Amino acid sequence: MENKTTHPKSTIYTRVRDRSRALIEALTPEDMTVQTMPDVSPTKWHLAHTTWFWERFLLLPNLPGYEEFDKSYNYLFNSYYEQVGARHPRPERGFLSRPSVSDIMDYRAHVDAAMASLLGANQEENFSSFETLIDIGIAHEEQHQELLLTDIKHVLSKHPFGPAAYTAPKPAKRQVPGLRWHEFDGGCFAFGHDGHGFAFDNEGPRHEAILTPFALASRPVTNAEYLAFIEDDGYRTATLWLSEGWGRILDEGWDAPLYWRRREDGSWSEFTLHGEVPLDLDAPVTHVSYFEAAAFAEWAGARLPEEREWERAAAGHSLAGRFMAPGVSSHPQAGSGDGLIQLYGDVWEWTRSAYSAYPRYRPASGAVGEYNGKFMCGQFVLRGGSCATPPGHIRPTYRNFFPPDARWQFSGIRLAKDI
Amino acid sequence: MENKTTHPKSTIYTRVRDRSRALIEALTPEDMTVQTMPDVSPTKWHLAHTTWFWERFLLLPNLPGYEEFDKSYNYLFNSYYEQVGARHPRPERGFLSRPSVSDIMDYRAHVDAAMASLLGANQEENFSSFETLIDIGIAHEEQHQELLLTDIKHVLSKHPFGPAAYTAPKPAKRQVPGLRWHEFDGGCFAFGHDGHGFAFDNEGPRHEAILTPFALASRPVTNAEYLAFIEDDGYRTATLWLSEGWGRILDEGWDAPLYWRRREDGSWSEFTLHGEVPLDLDAPVTHVSYFEAAAFAEWAGARLPEEREWERAAAGHSLAGRFMAPGVSSHPQAGSGDGLIQLYGDVWEWTRSAYSAYPRYRPASGAVGEYNGKFMCGQFVLRGGSCATPPGHIRPTYRNFFPPDARWQFSGIRLAKDI
Amino acid sequence: MENKTTHPKSTIYTRVRDRSRALIEALTPEDMTVQTMPDVSPTKWHLAHTTWFWERFLLLPNLPGYEEFDKSYNYLFNSYYEQVGARHPRPERGFLSRPSVSDIMDYRAHVDAAMASLLGANQEENFSSFETLIDIGIAHEEQHQELLLTDIKHVLSKHPFGPAAYTAPKPAKRQVPGLRWHEFDGGCFAFGHDGHGFAFDNEGPRHEAILTPFALASRPVTNAEYLAFIEDDGYRTATLWLSEGWGRILDEGWDAPLYWRRREDGSWSEFTLHGEVPLDLDAPVTHVSYFEAAAFAEWAGARLPEEREWERAAAGHSLAGRFMAPGVSSHPQAGSGDGLIQLYGDVWEWTRSAYSAYPRYRPASGAVGEYNGKFMCGQFVLRGGSCATPPGHIRPTYRNFFPPDARWQFSGIRLAKDI
Amino acid sequence: MENKTTHPKSTIYTRVRDRSRALIEALTPEDMTVQTMPDVSPTKWHLAHTTWFWERFLLLPNLPGYEEFDKSYNYLFNSYYEQVGARHPRPERGFLSRPSVSDIMDYRAHVDAAMASLLGANQEENFSSFETLIDIGIAHEEQHQELLLTDIKHVLSKHPFGPAAYTAPKPAKRQVPGLRWHEFDGGCFAFGHDGHGFAFDNEGPRHEAILTPFALASRPVTNAEYLAFIEDDGYRTATLWLSEGWGRILDEGWDAPLYWRRREDGSWSEFTLHGEVPLDLDAPVTHVSYFEAAAFAEWAGARLPEEREWERAAAGHSLAGRFMAPGVSSHPQAGSGDGLIQLYGDVWEWTRSAYSAYPRYRPASGAVGEYNGKFMCGQFVLRGGSCATPPGHIRPTYRNFFPPDARWQFSGIRLAKDI
């Protein structure tokens, strides 16, 4: 008598893995090899690293008799897990011409087959022992799907002719509603994940904190609004900027968001995953650093929200939004509707909260405990997901984080103010 | 009939200015000219910049007929006030051979005489109009006294023979008491400055926040304890470190606090303002970065305190401590006594709180509003003052802040933990 | 009646082009995309740039109706010809994921077909008008074949597992004859190319110069001899080194030739185009910088030759030597025989002559005049060709040149001394 | 009976030492401490290093019972003599606040007194044993006098207000004669020092070499001529430049000689040791790199001379010229007269000869042998001396050398051409 069954996460696993493969359809092996800055990983590295994560943390400990596809991959495709051993230096990932893309696709198939064994041919009572690791593995691969998109966007942007990654139809333009302020009372509220369902360790523990009354903008800042900041000499007015941000302006010569390009006739275009397109003035501004977001807010007589203000505003909202959607568009678009719109999707929203531990936070033990805690220094929290975030990946308590000078993510601005 | 009087801050002004002069007694003009890294300013620059602050913000707006000593000084000795105009680049302060130290002492005398006029020959009813600026000017000069000490220490340390700045007697060694934990209840408490008396803008507004129960170490971490961390391969164990801190270890080759030197016989010495001395194992460890403080705490099974935890623990404590004391010692010493000791003085204590705005914080208007807010990015708060902090300068709400890799301040470690 | 004929260079053209294609047989598209340092170009860039050279300088001016394969290639694949317009920055050649290797092979086919038209269907009387350009184009493609090999060697060496580019059989080891000195009289001799047959502009004009009596070593320095230098603390003895070379030792930590690797058991291996192999002690040392060559010579009580000494010694010698030979070996081997051996092939020989203009030298006019003259600064001359030099490419007057810190070429050492 | 006498070099020694002291009369201790780039040494370092040279190479070996002034100075003030032991890093000479200028003047007096003993109270028969070292020490101190001037000029130029080192009267302007060409026959000639009288080792051995006919300009290139080059877009025309020089233009933004400054009204001024003055169009252009000199020559349809061409032209010329002259002027001036003028003095003249060994050159043995030979790499020879060269220091065979990007010396241009 057979009491084996299929793990309930099995379908999700397959869907996530299929999506990774769908993302690279239009890319060549050469595209997938290039690294254009240390922050960027080659596409094929993402494809291999996510696979290594399943092999290392799920298959090797849990599938008896599993054979590693290639032992050298533990060195090549470990990202930053110190407990797992030495690894290839991050700035040299673009030197890894081997294994080829084709080898890596074989590696994916090998691991997928083994995962099918693990998820399909196991005793039900064993499932729970690695269920959390499956959740982490899925969330991990989803995160790398977003990075894969932002990284290949950077790679293609550094090509002098800026080829498109995707030929999906450009979005129909839409007129964005005017900005309104939504007010919120102060008080003592609970924040962070409550432990039901999957969340990263940094989202908890759930805890109480005090907010003072505040207002939040109904929608993200648009390209038109950001353009007004530029035209008002925003990038040349030192008093609007954090001291370190002003230093970056001087050093790097920033005068617009990362992918904006001023044409000879004075108009602006923007490099997107669909190639270079005229700037859509109604769409949310994106690819701005924290420094630019904070300077814009200062110029606008407002400020950036605290992450707990954002979380409070998001309480009870639907998780709907414009997320990664192969075949549609991978670029933010103008929103519509009343109320707080576009909290989720389109652009990540910079908060003025430094990324730090919640009260009583302790990292998980073992190598996966290196996932979050060791980055709690010098970074700021972003909330809400973007057009490159896989659907289903986000939660109200989800904390993304990047250094204040990062511009290659789909990062945007939602204003807040004290009331 | 004479209704003029002397401003009540007049004595304090004179005492502060005298103290600046006392600090440089043993230094040569050449010592006072050298800059050894961009963070360090030459001694004579500190002497001139603090004087410029009085001239620019007190005398020019408030003393009719005041003539600037030298108009070029507004360019040379402005530190970072964007609203006051262009300024000499910070990394090139060591190129300013002119004005000479002697010229700068004349400048100080010129400004002191004018300040005497302003403070001594004014209508009493006018005093209040610039009283806050006097407080800021005093606090500002006190801050630069501490920087003058830490900067000249760095300058002398880069000389191959490490000359002493001061010949004051070395401290008598004392045996430090064992570490004990002091427990504190959680709850909702008020934090920040309440507006009575002088404080920097970043110390307020006063606001409520929630703490969870915690314990704080009775005293700072000692050199002996830190040495145990080193000997347990603390600097070679990646998992103890924040990711960025580990990167610094690899890049810079850090293997001990900034001024420790390993002698050929394996023992340790330490460079101090009194020259190189054998390491006092009972004294608090100092000149450690945030990265090192956090790694030590991790190794010790504890963590660094939140700044509000520190502030709560300090409530009701005396402000007494070992502060800057010309003629005695400018180096941390072993403490003694029961209860929480050395909260103030000896070493600044790193907290794990990123330096950020309190709720409803708005910077002061005008150039002095550039004092604090524009640095709220990438820095961590330190509390409690050090042996180089002028006496009377500190408050329970006082927030010092430095980047996590800064080591040239008298920064130390006090452990905390959740209970 | 047909008076058209085939250009006599037609066969040579075809042979050279075929050889380029043969060189990449074992490489993947990913291998051919990677750039590991600014000096290194991706393989596919070499394949495209050599093709662009034919298109730009031969086809466009001489083949009526010729259509450029892709006008953007003039930007992408111009190396340094300022007169031809803007070009892609050299350190970012590794960002050019597009055109793909496959596109570039199509480009090569397109240009080859057009060249066949030009060379095969022309009036004989027209041939002479572009004959020199054909010679330059062939020599140019041959030079890039050598660079292709040294560049892909560097690329593969930066992979943590050092894959082999070629599976050709490793050379049979052979015992090298002992070093003997060959003496030459001084006097006034003629040097440089006499204008008969093809030569680069920098090889002439032919001119007289005076030599003093000297002796030249019978063969290149071997790995065994170089190892003795290492073991005698050659890399730790400052007085052997040029001042700038010693600075490089300290900065870069050089302690052996570029591709030598010390194994755990203390023996040495060497990375080659055939993968990592045990060091052949009888083979010529290679991948040494000018600094290392000069320090070795100093240690050996000798010096490096002047380039005119080398040229005088080579007068009358056969051009035979171990050159690029697909399917055999692309690594220097021990020589044999009496007399001066291995003057040609195996390793380029550093001379102590700075690369500079011969008397009355003037660069050719037009863009091809940028080929040599503008590099006459800071480089040293190498003579004799290497195992990666295409057969037939070299001449007695041939002057190769590289900066003194270059190590990725097949550069070696032949000693000289005054007598 | 007394057969002791005074060494014939005694007067020269005293004159040279006095001149060093005269050079610093207008400088403050702070001026003499600053280092503005690694190539620049602080004034007080020059004062100490020249003194150390006498102590180390003359007094310690030759004066029985001589006691070192301070043993630590051997570490602090050794420049680059590897055989003499470890030394302070060159880029950190500006960190040496101690010894003070006053200490260094005491050091000078101590050494001068001992030198007086050595030179005055010795047996005549012993004099010859160290006569060459005295000559080297004098030449060495003279070289550092020139460097002292060019270094303090750089230091003062980096001060925002550009103070003058000397208040000497500005030179009367004079109209420069038009440029004429002086022709020279080719043939075989002898070059280099013949060993009679003092010369540096790199000036010999005397040897024969062949020149082809050439012409040399009658005078150096003027500021007016160089300005025409600038106005003809010389700095924006890539084809005029050596490849490496063009790279420097792009990296550094060079658009004029080092100390030229474009005023708001479009006119040019020049920073000199006498402060900032309007550009004298008739004076020789100075503070240009080899790259600029070569590009100018290319633009002018000429070339730079070979060093042997210069030496041939200078044969038989008087050594007269405008040299260092305290109280007069330390800036090049317009020349006058017929024939080849200003061969000596005013500005060093870049030659296109890479600095390398003459035939049969061997460095002197011992530490002083490190003086010249180890710099024979990547530098170019300059001839003729400048307005900052001490009178009597120069010879027809004298070879100065600097890297091609050096601009802080008084380097200028004399054109040559083939005939």
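All chains are identified by letter, namely A, B, C and D, in their written order; residue positions are counted from 1 within each chain.
Here is the rule we use: a contact is a pair of C-beta atoms (placed from the backbone, for glycine too) under 8 Å apart; a residue touches a chain by one contact, two chains touch by 3 or more.
These numbers come from a predicted model, not from an experiment.
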item	value
Chains touching both chain B and chain D, listed by label	none
Longest centre-to-centre distance from chain C, chain (CA-based)	B
For chain A paired with chain B, centre-to-centre distance based on mean C-alpha positions, whole Å	38
Mean-CA-position distance for chain C and chain B (Å)	60
All pairs of touching chains, each written as two labels joined by a dash	A-B, A-C, B-D, C-D
Interface residues, chain D side, partner chain C - complex	80, 82-83, 188, 207-212, 238-239, 241-246, 290-291, 294, 352-354, 356-357, 359-360, 370, 374-378, 404, 418
Chain A contact footprint on chain C (complex, rising order)	28-34, 36, 44, 72, 75-76, 88, 92, 94-98, 100-101, 155-156, 158-161, 163
